[in-house]
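Here the structure is laid out as structure tokens; the discussion comes afterwards.
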Amino acid sequence: MPDLSIEIAGIKLRNPVLLASGTAGYGEDIARYCDLNRVGAIITKGIALKPTPGNPPPRICETPAGMLNAIGLPNVGVDTFIKENIPFLKKFDTRVIVNIFGATVDEYGEVAGSFTGVEGVHGLEVNISCPNIKEGGIAFGTDLEATRRVVRTVRRSTTLPVIIKLSPNVTDIIPFAMVCKDEGADAISMINTLLGMSIDTETWKPRLANITGGLSGPAIKPVAVRMVWQVYNAVDIPIIGMGGITTTGDAVEFFLAGTSAVAVGTANFLNPNVSIEIIDGLGRYLEERGIDSIRGLIGAVKI
Amino acid sequence: MRARVISNLCIKGSYYKLTIKPSTSIRAIAGQFLMIRPAAYQAFYEPLLPRPFSIHRLSPDGNLEILYKVVGKGTAILARCGNNDEIDFLGPLGNGFPVRLTKGSSGEILIVAGGIGVAPMLYLTESLRASCPEKRVIVFEGGRETVDLLCVEELKKIATEVILATQDGSTGIKGYVTEALEWYLHKRSSEMQATVYACGPNPMLKRIAEIVYPLNVDTYFSLEATMACGIGLCMGCAVKRKGGGYFLVCKDGPVFRGETIDFDF
Amino acid sequence: MPDLSIEIAGIKLRNPVLLASGTAGYGEDIARYCDLNRVGAIITKGIALKPTPGNPPPRICETPAGMLNAIGLPNVGVDTFIKENIPFLKKFDTRVIVNIFGATVDEYGEVAGSFTGVEGVHGLEVNISCPNIKEGGIAFGTDLEATRRVVRTVRRSTTLPVIIKLSPNVTDIIPFAMVCKDEGADAISMINTLLGMSIDTETWKPRLANITGGLSGPAIKPVAVRMVWQVYNAVDIPIIGMGGITTTGDAVEFFLAGTSAVAVGTANFLNPNVSIEIIDGLGRYLEERGIDSIRGLIGAVKI
Amino acid sequence: MRARVISNLCIKGSYYKLTIKPSTSIRAIAGQFLMIRPAAYQAFYEPLLPRPFSIHRLSPDGNLEILYKVVGKGTAILARCGNNDEIDFLGPLGNGFPVRLTKGSSGEILIVAGGIGVAPMLYLTESLRASCPEKRVIVFEGGRETVDLLCVEELKKIATEVILATQDGSTGIKGYVTEALEWYLHKRSSEMQATVYACGPNPMLKRIAEIVYPLNVDTYFSLEATMACGIGLCMGCAVKRKGGGYFLVCKDGPVFRGETIDFDF
């Protein structure tokens, strides 16, 4: 069997297939359909200091080969999460990466700090790219100096591995990746959703109550692959790639472009077991080609 | 899970009945639903997401029946599925309707179905007939025109009474099904108890909530919401909870007590 | 019959449905399938000072609900175009908007200048957003100062209506629209393609010889609609909207978001007569709703 | 244009034959092609683009036949089309093969088909038989294994000789069809004239160009390229022209004289 294991941001993963934040909840609901003992890691739905209810409905709509969402980061708050949700996740032999967000730079630091020493948490993914809320989102991820401040603050607030989740809604993503590296982030994950909008031509109302939302799914894959390839060639920092990954082939494409691991997002809604199928598929893909490790694919695109 | 299409026939107009045989046997209660995606379109991302459909009926030989209306891409693709095609599905999902009424609950059972909202109501009527054989079960069914009234004969066989309404007046009362309900309730004493089960467009449910508000009536509403996953992952299917916050239709519902929902959305 | 006519950038259009640049050539090939007398205008394939051959193949590949292209702006050069292609277009009772590009700011000005007084040309669309060539493209459209210089130069070089074609590959498109307005552009068109990439998982080679390419088609529609809506609300300049328009409903969505006209691009490849079907569809759409002019839709989204 | 599916049958393996009746009558020459998109999937953008297929045959009753291999999304969707389904198409497109050889041209006609490249070659063989009845017509057909050899019986009926090759050696010569051609040409005097018609993967055409380069042979190659529009709009289907620049396969081809193409791509 080819070796699928990988170490990223100092986290040892059984395999490089993760569940993307916001598409697997805190693990409970997907666990019935997907064996969490088998995935590389679960990245949990975004967590903030205090509970938030999320946006009013409608929160989602389908678009050609994609979907828009403006869920608005409903979350139970750090305390409840640590008390009630981490214990569930600890039952599984997997890695838990907690996705966090905050309304201010300090809040990012505070949330990050709360996880220090919490058993069962292996890393933090810092969402600076949510397009759906005023706080804690895209305003940080599309401004280089704001990104720098968040990364610096989070880095100082925790000894856990820090992964920064980048926004694709920028002219040039490379400087953002560089800032992450400069400020001591252990890895980056990309991409979050593209900012989009859809209007109902019967009612003339936006299809989302939030007016705009984040575009995800197969439609955005070419944009994600391009950005991964750009960053891989410009910045020496490990990348967790995501954006439309639905099949083994999609995952392979991201590895060839330069990611060290991939995360499956929207595809979980089509098939909550798809990550397991991709893990098995990657094993077969390597085996058929006589490649002994997933590392043989990373950045191997032939230019 | 996988199932095989046993038949997929147009009943009338844009209404279809799909019968599938799941690879493992299924138990379900009325009001639960499936998330469905034809396997042949797995590699095609248009439509991308699976679609929710109520379980219309479970046949004695273990088949699942879906009653659906072709309204857009997902249902159009479903209508193209032929015998022996494979269907991917998740389910039964959601809570379903409670059919064992609490001891204290007395009075009639009123079942209100708007349009394709009738899909789960035949099974519900059967279940209620079995669990509360002593009760009167009145079914209100409404549609735009006669073609939109489904399952009428089957319902007539099991319900105490079936009251029909069409917007164009071509069958039954002319108007919304909620007007039929209102008219019926007005005839009774306002102290009389009743349990209302309803499934249909959210504006219909909202109207029912308004109608029964002053009365001594329990309500169980099956809500609609756009769904991506059907199992609590995406948090997309939110509806407003009275008093603040949200329910997820797929996980907390799709059946809710009417008074817990804030219909101002 | 509802009134579909519109004036944009001082160009009177019979209806607001245009053929997008690069998807209808110089008119000859599409004329056999689509009655050019009926479209609002044809925007011709990009023209530069000198002929250029374009990029090596493969130049296109399909992606979920979209396509990538790296055609690389093959063009016959201004002189040949005026001598050989304009006469053909003049036979039709339509408007001709010539899409132009250049390798330098001065070249933009020179190309623009060449069309002064050329009969049969009703306006210029200035492409500062092609992602596929080093010159004449995205480098101008993603840099505010470069955009300013191009618009200023072109504006000074011609009395023809000037439409600037904006790139979606920017963090915030509003300042770009503002610069266009400030520098005297008559209208903007948006969006050009999103920069994307796709890798063949069998050969490990990029699917395009140019490595990256421009993503177009239904997949990008939500991004386009969002950007149109943002600009409509922030800048007082008429917008020609495009990006994935394939049906009447898509066109309506763009009008509701704020465009004064729409252009059909990739959809011409699916059906070269689709623009005519959309024109007819728009008429019916307005009629069914008792709206007497297409102007009743512009920016009418209910927020 | 619209056409109706008369039949759409699997011949063997992943090979299908589609017969459609266009709404208006069509004339075409061998080597021309259609851009095809099933009408039922018009509103679905997966696959987005129409697909090019050679005209396999024109039947006397005005039907169009397409011979195709299911390799991906577009062909998979095509294979799901049933009788009476509607097909949108453009065509006949492109130049097709010249079948009236110039007076001076003497020698044999050699037809080389690789894999599904055989699709237009039966019609071509028929046409050449009709226009040059006095000439010897040798058909070389190659495939990976026996299942990949199509139309063999039909070709045998009209060609002077049919030479088969399979990579696994299960039928005919073991090896590439180009090796069969090479072996055949080596037997002849290098002064002898011939006209080679070829359709298949571009590497096959490149190899043929190399083989015939020193010989006194005319070549007509039908080239493949990814196409978006098929009618000269997208400029996506470029192939390198010898001496610089590009041809568009859909508009300048798909048939080119071999020596005009630069195969180094």
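For clarity, chains are labelled A, B, C and D in written order, and residue numbers in each chain start from 1.
Convention: a residue touches a chain if its C-beta (ideal position, glycine included) is under 8 Å from a C-beta of that chain, and two chains touch if they have at least 3 such contacts.
Fair warning: this is a prediction, and the values are worked out from it, not measured in the lab.
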Per the touch definition, the chains contacting both chain A and chain B are C, D
Whole-Å gap between the CA centroids of chain C and chain D: 36
Length of the line joining the C-alpha centres of chain A and chain D, rounded to whole Å: 47
Cα centroid separation between chain B and chain D, in whole Å? 54
Junction residues of chain D, two or more chains touched: 43, 45-47
Listed in rising order, chain C residues that touch 2 or more other chains are 64-66, 217-219
How are the chains arranged in terms of who touches whom: line, ring, star, complete or other? complete
Please output the residues of chain B touching chain D within their complex, sorted ascending. 40, 43-47, 73, 76-77, 80, 82
Using the touch definition from the top, list the residues of chain B that touch chain A in their complex. 37, 43, 45-50, 88, 90, 225-226, 228-229, 231-240, 244-246, 251, 265
List of chain A residues in touch with chain D within their complex: 64-65
Residues of chain C touching chain D in the complex: 22-25, 28-30, 32-33, 45, 53-62, 64-67, 69, 71, 74, 209, 217-219, 246-247, 266, 268-272
Within their complex, chain B touches chain C through residues 45-46
